[in-house]
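The two complexes that follow have subunit A in common; it is paired with subunit B in the first and with subunit C in the second.
Our next item is the complex of A and B:
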């Protein structure tokens, strides 16, 4: 049963920020595909609900060769999935969206809402961090932009404080020799990942690794960026042996919990396998780029 | 808490309803408008029995605040029939026996309708993906996929 709440419907971002600052016990709803579930369970019962779904100002996908990709917070998952420019320049994002929940959820749920909800099993987090995304949020006191991996601080918790709204996700233009891959492990395509791994590789002109990232999903309180793997791979000529070693590190560094879906041991094992495979896939893409 | 006025179109008809802002779209459709074709199943965005189309996009009405559909156009399973004539996907479902208990059918039809409106020459895999958000607990998926496929092949074109 959803608790009663006062409904706030701002007409602009400015008005939304003012309303949010004014009301203490206030939650923000956009698509509500995550929030309504926890509200129905009574885990979240705010006195005020601020509805930003209709804010067209935040609904955009802009790409510029120099600046990269900017996605407004109220852009739906389906809009990202169907975007030509994203499909062309960031195919991993489209592949991730196609497996994110169901079509119905993607039609109504938004990227800003997903990131603000900060579920460690969420799909966009790991992929966006592998793509070196940063996130812009702000309140009536001003805006702030932080790397996405620093944005998440704990289970369902972000750097945002009361009054802050997610405004935009910014992804830089990929380097010329860049590849990025993501896979989640689950039993049904449209389910949350039991575990997941995203990897990106940037190569130098001589074929050595300029930069790499591995980000694990549902393997700890936040999407988990494994910097030990980055240190291992940077400057080296990548091969299967290094990918296997990276997989081993991922298994060790992960902090998964055990639940009805899988044991901790099983999760560690699968994270290692996924890391190895995704690094290889990203590497091969970078070679071909 | 103050009631709100929701003005929207359902199956082409204009409605004005007074609702608590916490009212879900499925509740408005079933309890306020009496359109009980839309089913409430899991109520946790999993099963898809409550699927309706909002501005042409399929959504799970158990997890959409009705008030967010202000000024929008909603189509429910009752809206598929036009002038006493079943829609192509409805006729195809009948011909292919795409029902067992029938509980998932309204949602399946709405997902299929949204898909058929945008898909051009879809593959069988794409057809299967189009109902990924709808669960049939009788597991009668094959006949449903065949019914959608028949429509994509132009077998139910309006005369």
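Our next item is the complex of A and C:
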């Protein structure tokens, strides 16, 4: 049962930041898709709820060929899924969103809320890190922009401190020969992943690997960037053997925790399979690009 | 049978309560609000097995807003059960006096002015327990050294069932090939959309009214009266709308009992609604079963004998488990002719959530074992699985020795149709397979463990002056659409339209008694009662018609689409509404009223009629991750005469989603008796995006015992699916899945073992 709380409804980002700074026992709610679950379970019982759902200032999707893609924090998953420009330039984001929970959740849940919640099983984190995204957050004392892989600190913990709101996600324009793929492993198509892997590959003009990223979902306290794989692939001509080797590294580097849905062994194994497959998929996309 | 002769039967009829439901006007128990109503909450045991030493309710009572706290001591302490004919099977005190036997068992209840206060009060009840050693698995609990769960019950064996016919040993001797396998079948939550809920209102007149989410208002009435020391007639149970039952809602539950006990002490209405978590941990479940199956066949695939032993995890109490134990063993023989058949079932108490009936009533487990083993035998001997099933299948007129008579059976056509469908798919890509499974199911049970002196089903029909019809039935609509089915049968029989019928159900004060919605019984049993009641009323109407129309008595009269006419000369007749008005005058103002009832007689031990089916599941397995993708489910189905095409499709699709969930998703893992996934994030049920196409091929048969030839359609459809998926995995990957659910990890393990075996060769 949800305990009673005071409800704060700011009219602007400025007002929101001021209200947040003012109240100590205060949680931010936007879509509520993560927060309400823990509130119902009684795990979180704040005195104040700061509702930033109505902040139109933070609801936008802007793309500029030079600057890249900027998504405001209160943009819903569904808006990202249905965005033409994202579909065209970042199809992996749309594919990821299409399998993020249910349509009802995507209609209400927001990208900022998802990232702030910092669930290592969340879908956007790994994909956005593979896309080299950075995140902007701020409080009444000022703003800060950090690479997304540094933003996540631990289970459900980010660099943000009390008073900070997520403001924007920024993704650079993809290089000419770039590919990115994401897949989660689960029993039901659109539920939270048991484990997941995102991979991106940038190719040089001669077809060798300029850059690669592999980010594992639900394989540790935060989305897990496997730099060992990046080092392995950079400068090489990619092939199935390398993808298999990368998969092996992913299995070893992952820190998954067993629960009723899968053993640790199975999680490691599947992470290896997904890494291999996603790298290959990203590579093939980059070749075609 | 020609469908053309019917005006309403076998058409697409939308649920008559559909509009009320989608517009939010349907009043479920959850929606009931009464003046002065209090809210109740239940304190539950954190221990799987413990003596209750003391319960101190003082602190809880001191909380402002709390009106009462009750424990077992405030009750009559009656050990109850739905098998009320058999005292030893009545083993459950809803609020136990001496000890708790599973995590989640109620120990006390609170009523307060708000739900929040009631919940806060639970933390203020101080219970002193003496924790006892506990046991969780039947094969452990049956051991000599296992802790005793119920005093005087040796080795924790709750019930045993023996089924045998033919000379089994001799039949095995005739076999050329014998195969033995062990299987493990999991539990499953009923997962009703509406959790258990009740609102009880006891008034100073000494009468109790209870709104309950129940599959049988009559059972609830009888059970409540029994535990409260009231006369049945002083208890009125109302269940106008019920959000699903699936076999989990015809016993007495803690919502009904605790709300009633508290209301009787306070003379105030009390409402208790289970949370989803409570529904998971404390409302019983599908019975987990261990099956040993030994089957002997001849080289040509002729079945000789089968001998099976089954150990089920009964959990802490009997519930409907005794029936599930019997039916599992009976349907394990289905749908085949065995020269010798022997089944020994043992239901064993454990310190876990009790198990009970659930859609399929023990048959899905039995079929998972049987139908997979048959495919493996076919592969071992190089036989065609369709041909073997055809060769040994039930046929019309067959008698299951000492058990059942098969008056109608479309099994062979079902097999033929599915064979055609499978062959039309051609060669499948790698890692993809189609598995088949056939089975049958009962159309209501010939069991009276409740010891009801009433007919199994009854109906009363009354015709109003304008020709509209009041139909009173005791059968319970729990979302499956039985009110619609009854309206169709009434409209067809009386010769009126579905919209002319108002169905009254779910009220023990105004509707005749009926055993309720379980065992696929209502279409056949309540349907027969409705048909009889309507025929009675129609006969009275036609008596006036003969007089009014002045026709030669050799002519037959009938009513169709509100037109009373000579059968041979349909244009000659009169309006039904006019006839009704005249009949009313002629009867001195008395309305025409018809009565009908049904109780099966001379129909064997199990059921008056049996449905048959064969199902195919088309599935693809990811060989690297073990993930299963279900492409399609196709079912050929003999339910006799379908009554409502739409209802049938709904039942088929609902059954497919539930049974697929059982096959590869749903599980109730426990650690030291504690359920590990009591929420909808961790408990996996199929949702719309995962639901595959589920087609149906209707096989036309006529069941002489059913109303208009109808048999069961819905529950039995849960039986074949787990086995069909298992067989699909077998044909795709060459691995044998002996444990449910079929998870990716189990698939990969089986693939590894297969590889190792091949490497050894």
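To be clear about the criterion, the second predicted complex is superposed on the first by the 289 of 289 C-alpha atoms of A that agree within 3 Å, B and C clash if a C-alpha of one lies under 4 Å from a C-alpha of the other, contacts with A are read in each partner's own complex, and residues count from 1 in each chain.
Keep in mind that, in the parts below, a contact is a pair of C-beta atoms (placed from the backbone, for glycine too) under 8 Å apart; a residue touches a chain by one contact, two chains touch by 3 or more.
The model shown is predicted, which means the values in this text are computed figures rather than measured ones.
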Subunit A as common anchor, with subunit B and subunit C clashing or fitting: clash
Subunit B or subunit C, by number of subunit A residues touched: B
Which superposed partner A:263 touches (first subunit B, second subunit C, both, neither): second
Which superposed partner A:192 touches (first subunit B, second subunit C, both, neither): second
Partner chain(s) touched by A:102 [first = subunit B, second = subunit C, both, neither]: both
Partner chain(s) touched by A:53 [first = subunit B, second = subunit C, both, neither]: first
Contacts of A:152 with subunit B and subunit C, given as first, second, both or neither: neither
Subunit B versus subunit C as contact partner of A:273, first or second or both or neither: second
Those residues of subunit A which subunit B touches in one complex and subunit C touches in the other: 37, 102, 189-190
Residues of subunit C defined as touching subunit A within the complex: 115-116, 119, 624-625, 627, 664-665, 667, 669, 676-677, 681-682, 684, 686-687, 689-690, 743-745, 748
Complex contact set, residues of subunit A against subunit C: 1, 37, 102, 185, 187-192, 260-263, 266, 269-270, 273-274
Of all residues in subunit B, those that touch subunit A in their complex: 1-2, 4, 20-22, 24, 43-45, 48, 51, 54, 57-60, 63-65, 67-68, 70, 111, 114-115, 129-130, 132-134
Residue ranges of subunit A touching subunit B (in the complex, touch as defined): 2-7, 9, 29, 32-33, 36-37, 40, 49, 51, 53-54, 78, 98, 101-105, 107-108, 189-190
